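This is the structure I want to talk about, given as structure tokens.
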Amino acid sequence: MTLLGPLGVALAVFVAALVAPLLLRGFIDNLARAPTTVPQRMPFVGGVAPEVHAWNRYHARYYTMALVFLAFDMEMVFMYPWAVVFVREGVSAFVEMAMFITVLLLGVLYMWRERALAWA
Amino acid sequence: MNLQAVLVVAAALFAIGVYGALSQQSLVMLIMGLEMMINAGILAAVGFWSLAAGGNPQGEMLVIMFMTVMAVEMALGFSLITNVYRIRRADITEKLRRLRE
Amino acid sequence: MNAPSWTTVLFWFFAAGGVITGYRVFRADSMVRAAFFLLASFAATGGLLVLLGAEFLGMVLILMMAGEMLVMAIIMVMYMMNPAGLNPMFMVHQHRTSVIAAVASFLALAVLPFVITLPARANPRPVAATAQLGTELLGDSMLVFQTAGVTLLATIVGTVALTSRRGRYGDAEEGSKEPPLEEEAMESP
Amino acid sequence: MNGYASAGVAVVLTGVALAVGIYLVAIGDRLLASLVGGGGIGWRTAVVRPAQRATLLLLQQRLTTEPSDAPGWALAPAFFLALAAVALAMVPVARGRAAADPATGFVVFSAAIALVMIAVFLHGWSPDAALPLHGAYRYGAQALSFQIPFLLAMLAAALPAQSLSIVDIVAAQDTVWNVIRTPLGLPLFLIVGASVSSWGPVNLADAADIAGGTSAEDSGVGRLLWQTARYGMLVAVAAMGGALFLGGWWGPLLPGPFWVILKTVVLLLAFLAAGHLLARVRTETFVVVSWAVLIPLALVNIFFTGAFLL
Amino acid sequence: MGLSAALRAFAAGAEAPIFAIAGLGARDAVQDLRLRRELRLVDSPRSASILLVAGVVPEALAEAVARAHDAMPRPRASVRWHLDEAAPGGAESLRASVSASATDDVVAVVRRTFVELINGARDSEPAILPDVDPAPWRGVGPFGQGGSGMTGGRPFGRPMAEMGDDRDGLRLDVLPLTVGPFFTRLPAGLTLELRLAGDLVDEASLFPNPFAGAAVPASRLRPALRPFIRALSEPVPIRELELARARAHLRWLADALVAQQLESLGRRTLALAAHMMPDDLARVQALGRALRRTQVYRWSLADVGRLDGSRLEHLGAGPVARAAGLTEDARTDDPAYRALGFEPVVQSAGDTAARWKQRLLETMQALDLAARAGELRTEPSGRIEGPRGLLTLDSAPSDRLAPLVPALLAGLEWSDALAALISLDLDLEESAAVQPAAERTVA
């Protein structure tokens, strides 16, 4: 495992912490899973049985923000390598990233001005 | 693990993407097919970068560009779908064709 | 077991995982499952990238895809009829053509690397791959980097212009129902 | 020590640290609740009650809803807990040592935080019930907004170290802690860090107004696991905050691990106190503030740090 | 078995998670259970072990009680808590294995039931409603769908949501949802019928009051309401009335705080309300400062659910109207209040935050009046300013505010809608106590 490096250890931690709760849950279910009744399987919102399924074409009103997120999130990919070499590269790195960020911030400014963030 | 193996896996992912992009009626699912093809592209690019191009940083740059293309494609694709849906109340390719007429 | 075999095992695990979950994307009834299967496929690719020595790219791919696939799920649920797949259905067209095209492209692409001679210059696995990338970003590929910035700006502006309903040019025109209360009360501070 | 043994030790140590942290959060929450709300409870009660409640939940029947997405419902808490464990494993515990210290540890931690939104969304989506679904979509809005300020706030801490390895980032704070170099970093990190595990004023997904939100339909062991995972993520975020901004293992006189624990506990107390003293934020306000205020602030913070270093 | 028994005994030491249903006359008594550390009032029967049904529950709510009962996981038990010894009343169909009377210590009864339930001495209760599948779901179409067309069929006996127009031009699904009568954040019995477009309320309406329709004897009302009902027809000391008003406001605040995720502060408010005296003014002021520090007026409630003064004129809407700038207050007509120099407190914003502040200010004013009132008594005139507004012999403020709810809630996000609705402080019990004689039947 050490030969796979620290990421191998991280993977081992991930798998262990993923499997342990599933095992616990399976174990408890196996031990004492009482069958559920039909009224128990009805979602509870105060005592009246729901008329329709809750799964629907949910109108997520922040869709504009979500789509802008797709584009803005990419900026992080560029920032990580930049952060590593920033001190070495000095002022030029500072200026280049400032340019890049300013351009992207213009997008956010535009979005904010168009009031595309608020939805309710 | 050699370059051939990586490229075969990439080809499989690409083929799934082709299937998805060609067969799906829904525009959103169609975009998923495109994503899958880019996924294959990323894998192949890193395969070359790692095993054939000696770790040239421009290979990594290419992968980042792939990711950017993916993000842009998704953002614009979904915006178009939203607009089409607003006008046509449908997200299906056949109906889009009718829109064009 | 020794170390290389672990790498091989993980390689084939991720490869199989990526392909199977990729296939399940187009076989899932629930849109949320489809999006998250695609995420799983990307995560498997991320694992492969790490195994290929591109640690940074692999992890960044997973980081990016988490957000993108959540957006994918949200948008898919919005616009697909029957988003949860409670009524299982099969919404495809030109199915046979698609399958043939997929198989053909797989065969063409999979045979190619065995036919042509590939260059074999293995990555020396530099420790500072991320730093190298940063230098590249700020040096030779500076133009690409700044172009990406402008492209993303264009994307943001285009997205907002296409989807936002409350621009300067007025609200939704048809099929909309205005809330009965004053507009000020509706809007965020 | 061979590779398997050291990996095993790392896994076990992370698990123990996570379990202890989760239990401390449960105790601290009770103590703070009685401090703020009156009706004081004794130390003994505060210590034993969480275990009793956990046992009660283990004995309780686990319910499902009729057409639930059963695999998703099973996976969500386990996935959340696994992300918390990975995030915690990245935190250095003593000089130069962490359970896992990959060269891109910083990105691994970010990816773990980003994947939380998948876990929460899946958890709220699975039961096919209106209230959990609401929680899931709220968390969608929240997560897509806090993601970028969160990553930017963290990134400022990586600048001085010239590395994405968390151990390097902490090592670079030997003279000056990052809380000085990046003054806005810690507050931003805490604001958005609380949202990752739906805590306090930014608990929108599991909010009181939707009767528990994504966990409204949970019972028995499923509920226990979900709450555990939320607490676990809070611990991981607090520990990482200590490492990134408060100098991790650095501190006078006492050994490194002591300082790591102390800083984690201090940040956890801040999270817990915020939960009892601040009102829930409106979702829309959170989104607008994240984009229009927190992102620009985080960028200002990065450039301030940059200017400080040049 | 040794281990299992030990685990059960250990688990029985936990706070008993109870889902409480407050029928007629029990609202305050149930609320006071929040102060008891041996119990934990939970938000959903999903996480409860004990269902506590307190007070008089009319037959109309019996099915909802049964649903709440059946939604609990096993092991489960229910406790019936009668607060009115003389005439228990209520739905005949409610069965409960344990019952507590007004003289019993209900906490002890609940604890005992819980411990017995967990350690196995008491059997878990069976379901009340029939365990019958409404529509076994089998896909019949060529691709497994239920009927003809892509979305044909009613999976699991329930249809899917249907589409509706929307103000942003996207025609997506609108989810019909009935919230209540035992939704934990609303007073018991209040049922809200919603149509949700995403997280926004598209349409909202209230169900009729389930407690109405029967003459309610004063002994069944919760004690906090009694002075106001009495003051309609007989002189009542102002001190008693104003203290009751202050308590009512703080009890409302305690519940409203929980909805803003400030449960601890809510408990502190409740403790203050339960033993309020005129010299508690300083503690109320301290509470007000603590409330301001929580930022609840700034990022939770500001600009939420604004109600114009013009909509509230001559409605007798009490604090709600005064928060919107109206000076309506029946106390100004009473000579005894005039003798005290009473002037209504008024705000202008009219939003939810203003209604919160208004109630807090009126609490302080009420304490001040109570301290100065001495032996002064009201002049009975058939109309009195209750804590929620103008109360007359045949009409309560909640009845007059309820018609405003659909317009108020439409277009608000869920949490805003809920905060706005809570801030109106609708009280079904009060309106059942003073309903028009024509609507009364003999109980």
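For clarity, chains are labelled A, B, C, D and E in written order, and residue numbers in each chain start from 1.
To be clear about the criterion, contacts are C-beta pairs under 8 Å (C-beta built on N, C-alpha and C of every residue); 3 or more make two chains touch, one makes a residue touch a chain.
From a predicted model like this one, the values you see are computed outputs, not experimental measurements.
Student: With a step meaning a move to a chain it touches, how many steps does the shortest path from chain B to chain D take?
Tutor: 2
Student: Identify the chains in contact with chain A as well as chain E, in label order.
Tutor: Under the touch definition, chain A and chain E have B, C, D as mutual neighbours.
Student: Out of curiosity, which chains are bumping into both chain A and chain B?
Tutor: Neighbours common to chain A and chain B are C, E.
Student: Applying the document's contact definition, name the chain pair with more C-beta pairs in contact, B-E or A-D.
Tutor: Higher contact count goes to A-D.
Student: Report the chain whose CA-based centre is farthest from the CA-based centre of chain A.
Tutor: Greatest centre separation from chain A goes to chain E.
Student: I'd like to verify one number: the distance from the centre of chain C to the centre of chain D, where each centre is the average of its C-alpha atoms, in whole angstrom.
Tutor: 26
Student: When the centre of a chain is set as the mean of its C-alpha atoms, what distance in Å lies between chain C and chain E?
Tutor: Averaging C-alpha atoms per chain gives centres 47 Å apart.
Student: How many angstrom lie between the centres of chain B and chain C, each centre taken as the mean Cα position?
Tutor: 7
Student: Between chain D and chain E, what is the separation of their C-alpha centroids in Å?
Tutor: Averaging C-alpha atoms per chain gives centres 34 Å apart.
Student: Scan chain E for residues touching two or more other chains and write them down.
Tutor: 44, 46, 71, 73-74, 155-156, 160, 166, 168-172, 175, 177, 183-184, 198-199, 411-413, 416
Student: Where in chain C do residues touch at least two different other chains?
Tutor: 3, 7, 55-56, 60, 63-64, 67-68, 71, 74-75, 78-81, 84, 86, 91, 130-131, 133, 135-137, 148, 152, 155-156, 159, 163, 166, 186-189
Student: Can you pull out the residues of chain B that are in contact with at least two other chains?
Tutor: 64, 67-68, 71-72, 74-75, 78-79, 82, 85 - these are the residues of chain B that touch more than one other chain.
Student: Write out all the pairs of touching chains, ordered by chain label.
Tutor: A-B, A-C, A-D, A-E, B-C, B-E, C-D, C-E, D-E
Student: Can you check the complex and tell me which residues of chain D touch chain A?
Tutor: 2-4, 6-7, 10-11, 14-15, 18, 58-59, 61-67, 74-75, 77-79, 81-86, 89-90, 98-108, 110, 125, 127-133, 137, 140-141, 144-145, 147-148, 151-152, 155, 158-160, 162-164, 211, 216-217, 220-222, 225, 228-229, 283-284, 287-288, 291-292, 295-296, 299, 303, 306-307, 309-310
Student: Within the complex, which stretch of chain C touches chain A?
Tutor: Going through chain C, the ones touching chain A are 3, 6-7, 10, 50, 55-56, 60, 63-64, 67-68, 71, 74-75, 77-81, 83-84, 86, 128, 130-131, 133-138, 142, 145-146, 148-150, 152-153, 155-157, 159-161, 163-164, 166-168, 186-188.
Student: If you look only at chain B, which of its residues touch chain C in the complex?
Tutor: So the residues of chain B in touch with chain C come to 1, 3-20, 22-29, 31-33, 35-36, 39, 42-43, 46-47, 49-55, 57-58, 60-61, 63-65, 67-68, 70-72, 74-76, 78-83, 85, 91-94.
Student: List the residues on chain B that touch chain A in their complex, please.
Tutor: Answer in residue numbers: 64, 67-68, 71-72, 74-75, 78-79, 82.
Student: Name, in rising order, each residue of chain C that touches chain E in their complex.
Tutor: Of all residues in chain C, those touching chain E are 78, 81-82, 86-91, 165-166, 171-182, 184-187, 189.
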